[in-house]
Amino acid sequence: MDLGTLIGIVLSFGLVLSAIMTGSSLIIFVSVPSLLIVVGGTIGAGLVNYPMNYIIGVIGVIKNTFFSSLDSPAEIIDRFKDYANRARREGILSLEPLIKEIDDDYMRKGLQLTVDGLEPQTIQEILETEISYLAERHATGADVVSALGTLAPAMGMIGTVIGLVQMLQTMSDPSSIGPAMAVALLTTLYGALIANLILMPMAGKLKARSKEEILLREMIMEGILSISKGENPRIIEEKLNSYLPPKDRIVSE
Amino acid sequence: MDLGTLIGIVLSFGLVLSAIMTGSSLIIFVSVPSLLIVVGGTIGAGLVNYPMNYIIGVIGVIKNTFFSSLDSPAEIIDRFKDYANRARREGILSLEPLIKEIDDDYMRKGLQLTVDGLEPQTIQEILETEISYLAERHATGADVVSALGTLAPAMGMIGTVIGLVQMLQTMSDPSSIGPAMAVALLTTLYGALIANLILMPMAGKLKARSKEEILLREMIMEGILSISKGENPRIIEEKLNSYLPPKDRIVSE
Amino acid sequence: MDLGTLIGIVLSFGLVLSAIMTGSSLIIFVSVPSLLIVVGGTIGAGLVNYPMNYIIGVIGVIKNTFFSSLDSPAEIIDRFKDYANRARREGILSLEPLIKEIDDDYMRKGLQLTVDGLEPQTIQEILETEISYLAERHATGADVVSALGTLAPAMGMIGTVIGLVQMLQTMSDPSSIGPAMAVALLTTLYGALIANLILMPMAGKLKARSKEEILLREMIMEGILSISKGENPRIIEEKLNSYLPPKDRIVSE
Amino acid sequence: MDLGTLIGIVLSFGLVLSAIMTGSSLIIFVSVPSLLIVVGGTIGAGLVNYPMNYIIGVIGVIKNTFFSSLDSPAEIIDRFKDYANRARREGILSLEPLIKEIDDDYMRKGLQLTVDGLEPQTIQEILETEISYLAERHATGADVVSALGTLAPAMGMIGTVIGLVQMLQTMSDPSSIGPAMAVALLTTLYGALIANLILMPMAGKLKARSKEEILLREMIMEGILSISKGENPRIIEEKLNSYLPPKDRIVSE
Amino acid sequence: MDLGTLIGIVLSFGLVLSAIMTGSSLIIFVSVPSLLIVVGGTIGAGLVNYPMNYIIGVIGVIKNTFFSSLDSPAEIIDRFKDYANRARREGILSLEPLIKEIDDDYMRKGLQLTVDGLEPQTIQEILETEISYLAERHATGADVVSALGTLAPAMGMIGTVIGLVQMLQTMSDPSSIGPAMAVALLTTLYGALIANLILMPMAGKLKARSKEEILLREMIMEGILSISKGENPRIIEEKLNSYLPPKDRIVSE
């Protein structure tokens, strides 16, 4: 569970709402047609911008910003020290029975290839291809959300221009100018809120998460390659630790 | 057929039109001169920006955003497992008769070079050059559309400034200011609609498509090189699977 | 001759002029001081931005956007097939008499180095350095034009702010506000026209041209290296073809 | 202590305050709700944008822009010349007793690995991984501050639009328009001040600091590798000097 | 002496001044508080953005945009042909007495290393490190100027918003609105002038100069490495010429 996403949205929208309600009633900020043109137009342009399954997939991607479940780096270092010791003492085949207990697909696959006796070079190729296409898929997810976040204010601006044109064409009654222009500005407001409080920050969170996951994958790859090359457990620990900030490092006595 | 492009355009323009018609008649948003200056000026600047055949080619490029026909990755993996098995059992020359049945130019060319006995190194060079120039051509197509999408709002802004200057010069009658300014804003609106609902998203779709096609080509290259090196069919499957998201992978029992 | 540049400028400016003249007389859009501040200020800032000979060179660079004369890729492939066949049959020295007939400096230099018997490695180094510095010079040309295209609207904005300050300081007579502001907006208009219809698209055309020329140079380098390595003419054709879109490829029967 | 950060903030805010107070009383620029919406909204969107511990960590990151303590490059060169001489004369093991006196974790780790007799290749791998992830962590810190600096003006704009809508809806009393709009503009002002005078420049300082620290790390790595390869002390000095601007170089006679 | 910088500033500011003086007296454009807030605020934010010595160093960096003194490429080619001939005829040690006459630190250092008999590989490493850190220092200088050029318009905008708020709060007397707003706009004007006519173009010039200097350094490195490898003088000339545009090349008969 990623509490930050929830707290952040509640906090920022709460402040916006209370800012509105200290100055006027909330009702003058509600306009269903404005919401429709911003949200619908953004989705429409999004469907032109990306294959349809990407846009449908956005719902899942957005859900991801509320949840998260990655192994801790410390756990990974511990595990690899353990594997390396075992492989040194009892031979690499002794890891075979442990493989099926591993939850993580990536680690399981890498160790299986190691136990199967593939060359470290070949294992590295396969694991790196997997990381680079994982990075690609993550980047695509964040890009879609971020593209929608660029389209929303554009739709807001389009809605406001439409409102302005209508107001200017019928400017016979000066007293109606104010409220008409207020309504025209609502699409701009909606576009800005959706983009700056929801979509753009969510794209940011997806990128930050992707970096963390890729770092873990790189640590796992480094560990697997070290085992496959039969390296010293102490060297493995040293290598994996260098991926972490000094304060998170594991020092084995 | 890429339904998304069609649905997206119908959806976003439908919403814009209904937003307009709930507030006023549609007629006040129609201005042929405004449309001419935005569309014509964009094409004119486009002709300065790119060689003429690129701009003429844009029509074909835009048509591409409505259609699409790529092999599925699963099909490609299946096919290469089949080829690899055959090559292992009966020798690489046994692939020769299959080559002429292949639809895809790229795969046919790569396999032909393999059967002809070229070094994997040389095959890789040729296939990579082809991918990198395919990527280049795709990028050019998307860039042209995206450049036009940058020019359209600029033309819209120019049209609006022209209208403002004319209105300000003849501001004798205050009651005419509103409608004159409304008309001046129409070019801004047209520029924003053409850019944000059509051209920019289409450039996005072209880029997304290009990525998919290049991924397929890279899988095909990987498969061909594996065959040409005589690699184990299981390794080939493993390698090709790593290009795909876990849920799309093919697991052969 | 690059007709596109000419047609594009005539088309876009023609549309702007007719848009103006359908609404008012052209004369209210003419302001020599406004033109001076935009053009002169842009040149002045350009002289600070780049060494003086770059800015003087811009005239030649702009002229280049109207003219163009590159060999066709097909011609180059034909020529290299011919050279490769000859080199195979009669030895590489048989190319010596052909070299002095070659117009293109780059191809002549490359072939001369080949005939002189330099290592392919050394030839590649020299030819790649030449391409990379050609790309550098092209990029500089396009960058200067594009930097001027960024300065022009900034000068336009500065001119408009100056006009606004003067208008606001002397706002005693309300009826003079309109025309004064109209004049103030002219520098914005000039800056936008010069940037969006001339300079920016020209920078774009220079980049597109540079890409084409570099592609040709890379094909020539590939061909020369293949000859210097004594490769099979069919392989050379295959390699050079991979630089081209499928429909432009030469298929020798 | 980085005096620049302190002086800079005092200087720029001092000028803004005196500019305000020469024109009016300060009190009309104070609005607690406006401050709340800008600061709170920025933090809220930041919590969506980054994992919560990053946002909490921002406080520490900002504190870093006021303090700084890096070894001088000259000190490092001196030290490595000393180590290299000692290693040459008495063997690499003679460095062992010096290691525990080293403050800097990175240098201590690198020398320990050298004394332990690891291959230069392996030492380089470990030290480079450490540098690249240090760079990554620094970049993340600067990115968070810079993302908040992008959100603040967006929140300011949203607050102003809200104020405008409220003002336009209740435009019955023309004399209240001015003050209402003045208040609406305050969120824009707060957003601009927070972004341009605090957050953006702080992100800049973090990047400049990161570059300096990474340069030092690279010098240390170069020195350690040279010692591990048993290179001549004069060469080491020459190599390390090339990292510095000519005037800061150490010339040993 | 770089006349372009001087001419450019005189030209652009001259045009701005004459544009002002044809429309009003110059005095209404003078506002010391506005100048203070833009210049002082920019320096203040700059001190937060960069270590203090960078900001102090800006004065020297800006001075550099008025002066320039680089060897011509032709001179460098001539010199290396001479060295190469001498080294071929009389051995590489015959260059020793020439070294102390060389003005350029970089060339002197490189040749000294060559005469000292270091491996070409080691020489290349040292010379490349030096180039890459020279490029880094140049980039930092240009970045500081360019960052100040981004801050200046932001300060201008802040000043204008402050002026607007004060004007709107005290809008009792309509006739004072114009002049008050005119004064508010002056900070925007100052920010735009300082950024677009001075700082941004100067950052551009620093980048253009840096490219030229690095190109020369790369030519010198190429020449030194060729001599250290004992290459043929004709090859050296060929290699160095490929760094230059065709028309500047030296053709030795």
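Going by the order they are written in, the chains are A, B, C, D and E; count residues from 1 in each one.
FYI, contacts are C-beta pairs under 8 Å (C-beta built on N, C-alpha and C of every residue); 3 or more make two chains touch, one makes a residue touch a chain.
Going by UniProt, the chains are A, B, C, D, E = Chemotaxis protein PomA.
What you see is a predicted model; the values in this text were computed from it and never measured.
A.B. asks: Moving only between chains that touch, what is the shortest number of steps from subunit A to subunit C?
C.D. replies: Minimal hop count between subunit A and subunit C: 2.
A.B. asks: Could you grab the centroid distance between subunit C and subunit E? Build each centroid from C-alpha atoms only and quote it in angstrom.
C.D. replies: 24
A.B. asks: Give, as an integer number of Å, the spacing between the C-alpha centres of subunit D and subunit C.
C.D. replies: 40
A.B. asks: Hey, what residues on subunit E touch two or more of the other chains?
C.D. replies: In subunit E, nothing touches at least two other chains.
A.B. asks: Specify the contact topology among the chains shown, as one of line, ring, star, complete or other.
C.D. replies: If you draw each chain as a dot and join those that touch, you get a single closed ring.
A.B. asks: Starting from subunit A and stepping next to subunit B, in what order do the chains sit around the ring?
C.D. replies: A, B, C, E, D
A.B. asks: Which part of subunit E faces subunit C closely enough to touch in the complex?
C.D. replies: By the definition above, subunit E touches subunit C via 2-5, 7-16, 18-20, 22-24, 28-29, 65, 175, 177-179, 181-182, 185-186, 188-189, 192-193, 196-198, 200-202, 204-205, 208-209, 211-212, 215, 235, 238-239, 242-246.
A.B. asks: Which of the residues in subunit C come into contact with subunit E in the complex?
C.D. replies: Going through subunit C, the ones touching subunit E are 33, 36-37, 40-41, 43-52, 54-55, 105, 113, 118, 122, 125-127, 129-130, 133, 136-137, 140, 147, 151, 154-155, 157-159, 161-172.
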